[in-house]
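Labels A, B, C and D are assigned to the chains in the order they are written; within every chain, residues are numbered from 1.
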Amino acid sequence: MEHAAHSPEEIQKHVRTYIAVFVALAFLTVVTVGVSYLHLTAAIAVTVALIIASIKASLVAAYFMHLISEKKLILWILIITMATFVSMILIIFFTNKGVMHVVS
Amino acid sequence: MSDAVIHYIEEPHPVTGVTNSKLGVWLFIASEVMLFGALFSSYIVLRVGDATWPHGWTVLNIPLATLNTMILITSSVTMVMSWASLAMNRFDRFRLYMLVTILLGCAFMVVKGFEYAHKFEADHFPRTSNFYGVYFTMTGLHGLHVLGGILANLYFLTVGSKLWKTHPKMFMGRIEVAGLYWHFVDLVWIFLFPSIYLL
Amino acid sequence: MDTPSIYGWYLPPNYSAHGAIIDQLIVIMHVFMVALFVGWGLFFVYCLIRFRQRAGHKATHDLPHSKLPKFLEIAVVLFEAAVLVGLSYPAWSKLKTSFPNKADATNIRIVAQQFVWNVQYPGPDGVFGRTDPKSVSDSNPIGLDLNDPASKDDITTLNQLHFPVNKPVIAELSSKDVIHSFFIPVLRVKQDAIPGMKIPIWWEANHTGQFEIGCAQLCGNGHTTMKGYVSIDSPEDYKTWFDEQQKELNPPPAEPAAAPASQPTN
Amino acid sequence: MSHHPEKHEDKHEHEGHHELGFIRKYVFSVDHKVIGIQYSITGLLFLFFGFSLMMIMRWQLAYPGEAVPIIGKWFENSTMMSGGIVSADLYNAFGAMHGTIMVFLGVVPLAVGGFGNYLVPLQVGAPDMAFPKLNAASYWSYFVGGVVMLYSFFLPGGPAQSGWTSYPPLSDIAGTGQTVWLIGMVFLITSSLLGSINIIVTIVQLRAKGLSFFRMPFLVWAQFVTSFLLVLAFPPLEAAAVFQLMDRIAGTSFFLPSGLVVSGMPLQVAGGGNPVLWQHLFWFLAHPEVYVLILPALGIVTEVIVNNTRKPLYGYKTMVYSVVFLGAMSFIVWAHHMFMTGMGTTMSNFFQTTTMIISIPSVILLSCLIITLWGGSIRYTLPMHFALAFLPMFAIGGLTGLPLGLATSDIYLHDTYYVIGHFHYVVAPGTLFALFAGIYYWYPKATGRMMNNVLGKLHFWISFLSINGIFMPMFIQGFAGVSRRLHTPTIYAHAEAVQSTNVFMSISAWVLGAAQLFFIINFFLSLKFGKKATDNPWDATTLEWATPTPPPHGNFTEEPVVHRGPYEYSVPGKAMDFIPQQVS
């Protein structure tokens, strides 16, 4: 691990970020739950919930999973995966939406 | 070299900069992304196709789920702390944090157990409606992943930790990838929670 | 029954107004494919003979510098693009999505089930009676709601599909149990019948006669036997048939459907 | 344990082959070569089994309703084959299992598990796979999956009967066989995931010194892309399998719409599901899967052809880019299997376009291979026979994919025998022949013996003629409009008209079956009596030939260093007409 090279001081810094991230995650959780009690219209509710979830996810990935300092190789694998994943969702969604139906 | 000496188990590959196991786990996570991706796609398709689909918050126990979210987030922190402890050469702290991580994981499962129990009492079963079908299937699969993580962590806390004496680097590497998996499970929940409970 | 003589080792005759595009596309594609294959094939065989290992013959290290393959590949691309844009796109939207207007078409409903084709005609009032799964019974396979006045005059037949020639037919395709696929070879019509969905299809025959309906999607152990009949009638014949059905319609509907439905399950 | 690849190579360095007992060495071995061979043998046996099922089905197709000769006698009193006649249930069961077995238990294990495991480490100059124990786990997971599938044949209701595609609602309301099928699939999926992750890591991490990506043999590239397809495409099927299991066991209705009436009885489920959803998830895997079936085959053919034309590969880089592009595209064409599900114009246009686009790289790949022949000095060795036959066969299979890819012509051709013809040309005389080529080519390396030439030629020529005799008439039947999966085609007038072709096809199938005896005999006798093979019997350049024959545990006597590209044949001014990669 390149981290092994890290000196205790640096690790100390790491630890501080971890705590910070934890606080952020906890806060965002409270926010997203709070928002859900407002019973916003579907569209808004979904967007808000997903945005918050994405932020939380990126925090976890970036700091706990060290993606922020991760090697290109790994990033590329994830980029390919996300691309595949997104195209799957979108294509399935739109194909399903475009299906011919009798309007009766 | 008539014995198979496999490189880059301890030392990262000079060019790629990662060890075999790290790359392996990231690829495994990639496949997991596609697994849960497919589950989410299905969820979307089923939900838009069904006018009678209820809002999660009308039928599910939000406080309990919020508690579980907190538990899982905390466990992610303790998990990463256990790794950091190793980096700081504090094996005792590692064991402490790892233990806490495992306990938190168990706590998550217990809470989930209560949640399920309530549903069953109110006889809500997967077959009741596609909402419950999706709810049980997706949270259930996620639960299985948590369970898997707990078992792996148990191994590293007990038998596996012998390696610390002989190959400290290798052991750290394993804790790191174990962590990667654990954080990923947390990450999945971060999406499951709002999309099933709050929407 | 139809005369087997019309069938052979090639596409069956096309008795529809719209099917010509499909045949045309199939033929064009195969001409292209054969051309490619023969072209490549000749080159291939030539190499096999000319460059076989033999005394005094040596392989050359340097690679051929012909532009030909590039051109060929570009040609293939252009051809495919042309076929897509020129034929397939428009044909598909014509065949599957641009419907003749209901008023001047024969409107029917086709309800597939293991292992028969139910057909429902709106009757003189031109309105389909309501159907719902609960009222399904052996004598009422499509679950026609008998309290609905519109159903009173509805004709329902089993594996028998009558319609007049030279007049578009609009059919609403659905299924009671599993996925089937409605296939009339001579009319170049094929569409899956999917439970939970009502998929509209249309066709226009230009030749009278008796032909077969096949099921193209595996639907259980009766899949093979799920054969229906179309009879493409002259307007007169259709009228007579239609009136007969009306007479038979009292006592209540689905009567021609004597003892259907109770087929083996999947 | 699938969660923890890294927990599988500890203290591996202490596993000298000498210390191992028989069991550890040949049964629960972690040596990639042993595992590769286990995969190959198991795969071959399943291929043969899957073929046998079809030989029985072909009797019913040729002589509908007549008792099957010998086999019929054995099962006379069984419900599914009473009187020795193939019942509709049996036909559907065998059809579904033929497809499943051939794809998931035959070709993929042989092509990826077998050739991938055996050759990738050797060709990249590695001592073993990156995760040897994971590798063993992958094989045993496959093995269990296979056993589960075989077990389903002994269930009262027989095995799965809803086609290898298992479309709900049919599969949801089918008998227990379907449940077992799904469980078996979960094991097979796990196996493929473990295996492909292993292959990717091995290629990325363990390449020998000097072996840059663009010096890798094309087969390694093919396996690399294939593994990515498996890693990313299989999980959605796993999700689908879980949903279907839930539908069947827990009574959910993910794939069951409301208001179903099955054989007169309203189905007692909540409803609200969507049957087409399954098709999306299934084909999202199954289209990439078909490229999983062809890419390793292409890789093998490339190795064999280059070696036997004694000249460098034409357009190596072009081929690499094509194969990568092919892999990427294969994720966005899947719904060309679903044109008839009521698809609207926009999406059908999208899918027919992507389908046409994806055919281009294949054209390029094949072109490069054929052009490679130009100016070569073609050695008509046994493997070369099969490799050369692959080209026109794949061409036919591929080209016939085009009219299917155009939604409009697919209206008529969908679910007819034209489709069956199309893909059998790519998988049977295509992939299977490539795999045979591979077996004849690497058998000497793996066993230290050459296979017999005469038996081999007999195997080739009889197989080549008969296999075309089976699949060529399928296009005629397709044109005639004969649907697939028909237990008694003669019921339909248009099928009756081409029934004579069925007889011809079936006889060809049995001849093909008989021809395999030459192979099987050759395969086993050569182990003992085959002519001893040198370390590099084909004068090949790639690294696997730089090992002792057969390679010891750890493969290379000293760590190989690569100095040149994979195919340096007939370099001017050199004494020998080939320069191995490790030669400086």
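Here is the rule we go by: a contact is a pair of C-beta atoms (placed from the backbone, for glycine too) under 8 Å apart; a residue touches a chain by one contact, two chains touch by 3 or more.
What you see is a predicted model; the values in this text were computed from it and never measured.
The most centrally placed chain, judged by C-alpha centroids, is D. Remark: subunit A and subunit C have CA centroids separated by 46 Å (rounded to whole angstrom). As a whole-number value, the distance joining the C-alpha centres of subunit A and subunit B reads 14 Å. If each chain is reduced to the centroid of its CA atoms, subunit A and subunit D end up 37 Å from each other.
Residue positions of subunit C touching 2 or more other chains, listed in rising order: 96-97, 197, 199.
Counting partner chains per residue, subunit A has residues 73, 80-81, 84, 88, 92, 96, 99-101 touching two or more of them. Shown for subunit D are the residues that touch two or more other chains, namely 204, 232, 236, 273-274, 276-277, 280, 284, 341-345. Pairs of chains meeting the touch criterion: A-B, A-C, A-D, B-D, C-D. Across the interface of their complex, subunit B is touched by residues 1-4, 6, 8, 11-12, 14-15, 18-19, 21-22, 25-26, 29, 32-33, 35-37, 42, 45-46, 49-50, 52-53, 56-57, 60-61, 63-66, 71, 73-74, 77-78, 80-82, 84-85, 88-89, 92-93, 96-97 of subunit A.
By the touch rule above, subunit D contacts subunit A in their complex via residues 204, 228, 232, 236, 274, 276-277, 280, 284, 331-332, 335, 338, 341-347, 350.
Contact residues on subunit A toward subunit C in their complex (touch as defined above): 99-102, 104. Residue ranges on subunit A touching subunit D, taken from their complex, read 73, 80-81, 84, 87-88, 91-92, 94-96, 98-101. Considering their complex, residues 1-2, 4, 7-12, 21-22, 25-26, 29-30, 33, 36-37, 40-41, 43-44, 47-48, 51-53, 57-64, 66, 69, 72-73, 76-77, 80-81, 83-84, 87-89, 91-93, 95-97, 113-114, 132-134, 136-138, 143, 176-179, 181, 183, 185, 188-192, 194-197, 199, 212, 214-225, 227, 261-266 of subunit C touch subunit D.
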